[in-house]
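Next come the structures, one after another.
Next come two complexes built around chain A: one with chain B, the other with chain C.
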Partner chain A sequence: MEAPPVTVMPVTGGTINMMEYLLQGSVLDQSLESLLHRLRGLCDNMEPESFADHELVYLLKGQQGNPFMLRARRSLLHPTAPWHLRYLGQPEVGDKSRHALVRNCVDVAASHSLPDFLNEMGFRMDHEFVAKGQVFRKGAMKVVVSKLLRVLASGNTENTEPMSLSYLVELSILAPAGQDTMSEDMRSFAEQLKPLVHLEKIDPKRLM
Partner chain B sequence: MQQREEKQLEASLESLHARVAHLKGSLQSFILKLENEHDRLAWPSVLDNFALLSGQLNTINKVLKNEKTPSYRSQVIIPLLLSPDRDEELVKLTEQRVPVFSHEIVPDHLRTKPDPEVEEQEKHLSAEAARIGPEVAQKQIQTLNKLCSNLLEKLNNPRDDRDSESSALRQNKPSFNPADTNALVAAVGFGKGLSKCRPPGSVPPGHPGQPTMSTGPTLQQVTIAGTTGHQAGMGGQVAQQQPGQPGKMPSSIKTNIKSASMHPYNR
Partner chain C sequence: MSGGPAVRVSMESQCERQVQEVSLDGLETYVPPLSMSQNLAKLAQRIDFDQSSDSEQESREPWSALKFQPSLWPWDSVRNNLRSALTEMCVLHDVLSVLKDKKYMALDPVSQDPSTPQVFQLISKKKSLATAAQLLLKGAEKLTKSLAENQEQRRQRDFNSELLRLRSQWKLRKVGHKILGDLSYRSAGSLFPHHGTFEVIKNTDIDLDKKVPDNYCPLNVQIPSDLEGSAYIKVSIQKQSADIGDLGTVSLFRRQPKAKPGSQMWHLKLEAAQNVLLCKEIFAQLSREAVQIKSQIPHIVVKNQIISQPFPGLQLSISLCHSTGEKKIQRASPDKSKPDDHLYVLEHNLHQLIREFHKQTLSSVVMPHPASSPFGHKRLRLAGPMAYDKAEISSLQQSEGLLEKIIKQAKHIFLRSRSIQLQLNIGVEQIRVVHRDGRVITLSHQEQELQDFLLSQMSQHQVHAVQQLAKVMGWHVLSFSNHVGLGPIESIGNASAITVASPSGEHAISVRNGPESGCKVLVQFPRSQAKELLKSDVLQEGRWTHLRGPYREVHWGRMEGRNFVYKMELLMAALTPCP
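On to the complex of A and B.
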């Protein structure tokens, strides 16, 4: 009796390659209220969702230069909710005229044994932070206004301090690869938030 | 001659009626929207509605100013028959608003003078205008025109340098700090300023620090004997061996893969 064939490549199922379109900016604490008011008016009318998340970033160092980065995120407000694991690829260096940062994005949910699992796999936690803020939605677009807090003692999310006096504002859309009309919508939405916030395409490599 | 005037009057009344009907329609739909969908309404669509109404009012103004329209002031409407009975025709014409053509509704609907308060205000304004004299009035008109044209020019010609200087002068409180933006994006992107076992600062990310020592034992359990020497060496010499470590790392990982490939299903 023959053993059933074992596939060499992992079975990926029918997942579509999702890309994340991203624009980022920041707003000072004192102007936060006006920004929230404006977002409440512009975005879909629903109660703004608050969130408090603890994000851990894991790196796997390989033979080559670039380490492989995975982001594990859990909610501090809903401790029993599953963890969220995300991979973000390198930003696509397409044409410069594209208004948003485009990168490959893979999201999965994971159980609470995720940190141990990643450690066993060989990943090491590089840094962690807590993000607290609100999420707004407009159609497919998602606006996240969050305060980044530095975790002072590793693993202890009670003891945190704000990283700066500003809130990070991110406008993002998750779409299948190939749809480029999103960046136009994002740009017109970003125009409506000026001059409170300047949302722009910021290349993280430039800030290294 | 009279016939021509009559025809003109009729035509202008027709077009005025049509425009007013448009305005009424858009007002109705706007009110409906506000009443029924106010929780789903977004500011840009409310602005659109207002813009539509203002456009329609503009066209009505244009119709009234058109040289072909005769002066309505010279026309007089005299009610010929008033009755307290309900008139079905009238009800149909006015969409249920005016059921009876009687003594009560005639003063309201056929009036030609504005409200007494409005009349008072108009008298005040014209007295004021007469008082200040024509030269002062002319100067005021010119200043207003100049202000409007300046404003229009600024709105129509956005320039980057004007934006930067006016934003510096206009409000001393910018609502965002670009340095903060960069710091936050760097923190979210690759953890700049967030390293957990180093003081927050400019230490480049990605060099194996203390955590590798604590997980040393776990790795040793998985890999086969040949690499334990490497692991201990790596754990022991953390800071000084930076250039040497990349040389050691590849071998440990290769061995990991080798050991992992000897799984029981490989037949």
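On to the complex of A and C.
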């Protein structure tokens, strides 16, 4: 049986096309405390929310083109919460003046049989990692400060080691397609974090 | 020189002998002069005999050049000096004598400073004073400059300390060279799209020379123009419906809230603006719900007023009263609405409800786990995997809106105000009971007293209910007594009794209700219906049979009906024959 064809059409999630606006940056371990303080003050007044997630990246290799990638993520702190399946499209090549990285995003909540389902569909797990950190929120903006840990033995999330001596900081907004005002709010928020962390648009294609 | 007369010069040798000693009385003792032989010996000692024999031939030649004058005598140099002095003096004398004639020679004075010593002193004093004055002036200038700087610094420091105080209570951030602040509730969970930004400006219109006013503040805040003034939400219940023309004209205003002592002007301004913003949000939410939610009697939204009818004949009006404070407040109808028409409780509840709503958006229930999933209620995230249908999803959504909740509360208030008979004031030592008809009763701490009192009130209330029911049903009250003196004595309070007659007069109901003895209901039937009727020859005409006769007791416990009022209503209905 030949491999199923990989679609090259844009993927949409139902009727509403959601876009993810993203800015990324990083801080060293020793500067983490001051960044968390700053975020605590700037973001909505809530108790800081910690998380520990295990993410698996699945690839579907077709004969032609790039492999299709899906990200499956589960919470280690809330084992009964549903899995989260995410598709992220290519970054939109809009005008250069747009401050954030914009890409198509499809989010699906899934039951705990997701890994088996994906395996049956033909996806193969490419890599996995554990992310631990805190989530902040300001209105519709989400700030995630996470430490990425390498999983040493596949499937065993207890045995992990940090990938680097720094924390990844991501500022993101999920909005329907067409609303461009978000990037302005994101830019002004990023300005307020300026000396501690520089959040900028990082094109993933340039890293490869 | 040699022509003049000889000048006699007298000379005297000085007694130049060394002083050996000066005695205490001033007598000097000289060293005795050397005698001839001593002098010779001294001179001989000076002769170097060795040298003279060797260098005799050598030193003869330079000596031969020197001519000896045989007539050289020791006073020669003296004489020469004197002579030259005489010459000089003679010349001087000659010159002076020539000058005296002024014919051949004149004296020309050497050019000197024409000012006299006094003028010179004045000028020098002036100069020195000028230098001193300049130094003093320079010093004074420095002092004034430093003083001005100090005052400016103090004003700056005041501004900075005031800014610090402002920052301790409000959110501020610096954008460029402006200081902006946020007075909205967005960081507390509100989703109202108003920006709520205010600007902090330095108050520079102060004259340092004049006295600083007491309420001077180096800081001033500029709030958005649509949040100026103050506002409140007015909730009122009216029995009659207002005229159509009166809708949307509610703009009465109550007194300004008193400023707390010590609170700065900017604080009051910002608080008022924040309150206006919250009232606007509440009204926007209410009006949105009023339009969207379908109800039996549609709600009317007119300008700044929402009108709904919770009960027929009862009107609930919610209005946003915003006064900017500048223009005169137009009084819509000052005589119609009374000050106690305003239900402050519901206004407070509206504020609390909107804050609850804010808190819900911030609760940790909304936070995503895993972190990459979007914000949303955690139970709603299960809708996909658990395949919820529409009914389940809608049950997860917020059930009631703000408007429905407020209408329910208004209904409750209305019913309570209709049915409340007494009001309990529970104090520290005693309980004070205020009855609806104005009686005030003070009870002690023993709970039995309160219990007894409530029981007695209940029994009285039942009798009152009969009275009200009679009015409604058209029965006539024949007698009514709160404290009857007949029958068994109650240990708690007094029994009360009422007698009502049917509209036709044929039947009558007597009720005696006591806290202890319970309820006793008797019905009076017309004589014609009584079974055991004694025939009497006093009453001869038949019309007397229509009069009411004997009483019969009703088994109240077996009577149909959920409560006393239902039972009484049923009894009355049963005794009223249909026409």
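Assume the second predicted complex is superposed on the first by the 193 of 208 C-alpha atoms of A that agree within 3 Å, B and C clash if a C-alpha of one lies under 4 Å from a C-alpha of the other, contacts with A are read in each partner's own complex, and residues count from 1 in each chain.
Simple rule for what comes next: contacts are C-beta pairs under 8 Å (C-beta built on N, C-alpha and C of every residue); 3 or more make two chains touch, one makes a residue touch a chain.
This structure is a prediction, so every number in the text was calculated from the model and none was measured.
By the touch criterion defined above, A:77 lies against chain C but remains apart from chain B after alignment on the C-alpha atoms of chain A. Of the two partner chains placed by the overlay, only chain C lies in contact with A:53; chain B stays clear of it. Applying the stated contact rule after C-alpha superposition, one finds that A:24 touches chain B and leaves chain C untouched.
In the superposition on chain A, A:148 makes contact with chain B only, not with chain C.
Once the two complexes are overlaid on the shared chain, A:176 sits clear of chain B and of chain C alike.
Shared-chain residue A:110: touches chain C; no touch with chain B. In the superposed model, A:45 lies in contact with both chain B and chain C. With both complexes superposed, B is the one of chain B and chain C in contact with more chain A residues.
Contacts of A:63 after superposition: chain B is touched, whereas chain C is not reached.
Residues 43-45, 192 of chain A contact both chain B in one complex and chain C in the other. Against chain B, in their complex, chain A makes its touches with residues 3, 6, 24-28, 30-31, 34-35, 41-45, 57, 59, 61-63, 67, 69, 119-120, 122, 124-129, 148, 150-151, 154, 163-166, 168, 192, 195-198, 202, 204, 207-208. Residue ranges of chain C in contact with chain A, taken from their complex: 173, 186-189, 191, 362-364, 367-375, 378, 381-386.
Of all the residues in chain B, the ones that touch chain A in their complex are 39-44, 167, 173-178, 180-197, 200, 205-206, 208, 211-212, 215, 218-219, 249-250, 253, 256, 265, 267.
Residues of chain A that touch chain C in their complex: 43-47, 49, 51, 53, 55, 71, 73-75, 77-78, 81-84, 86, 107-111, 131, 133, 135, 137-140, 142, 144, 146, 174, 192.
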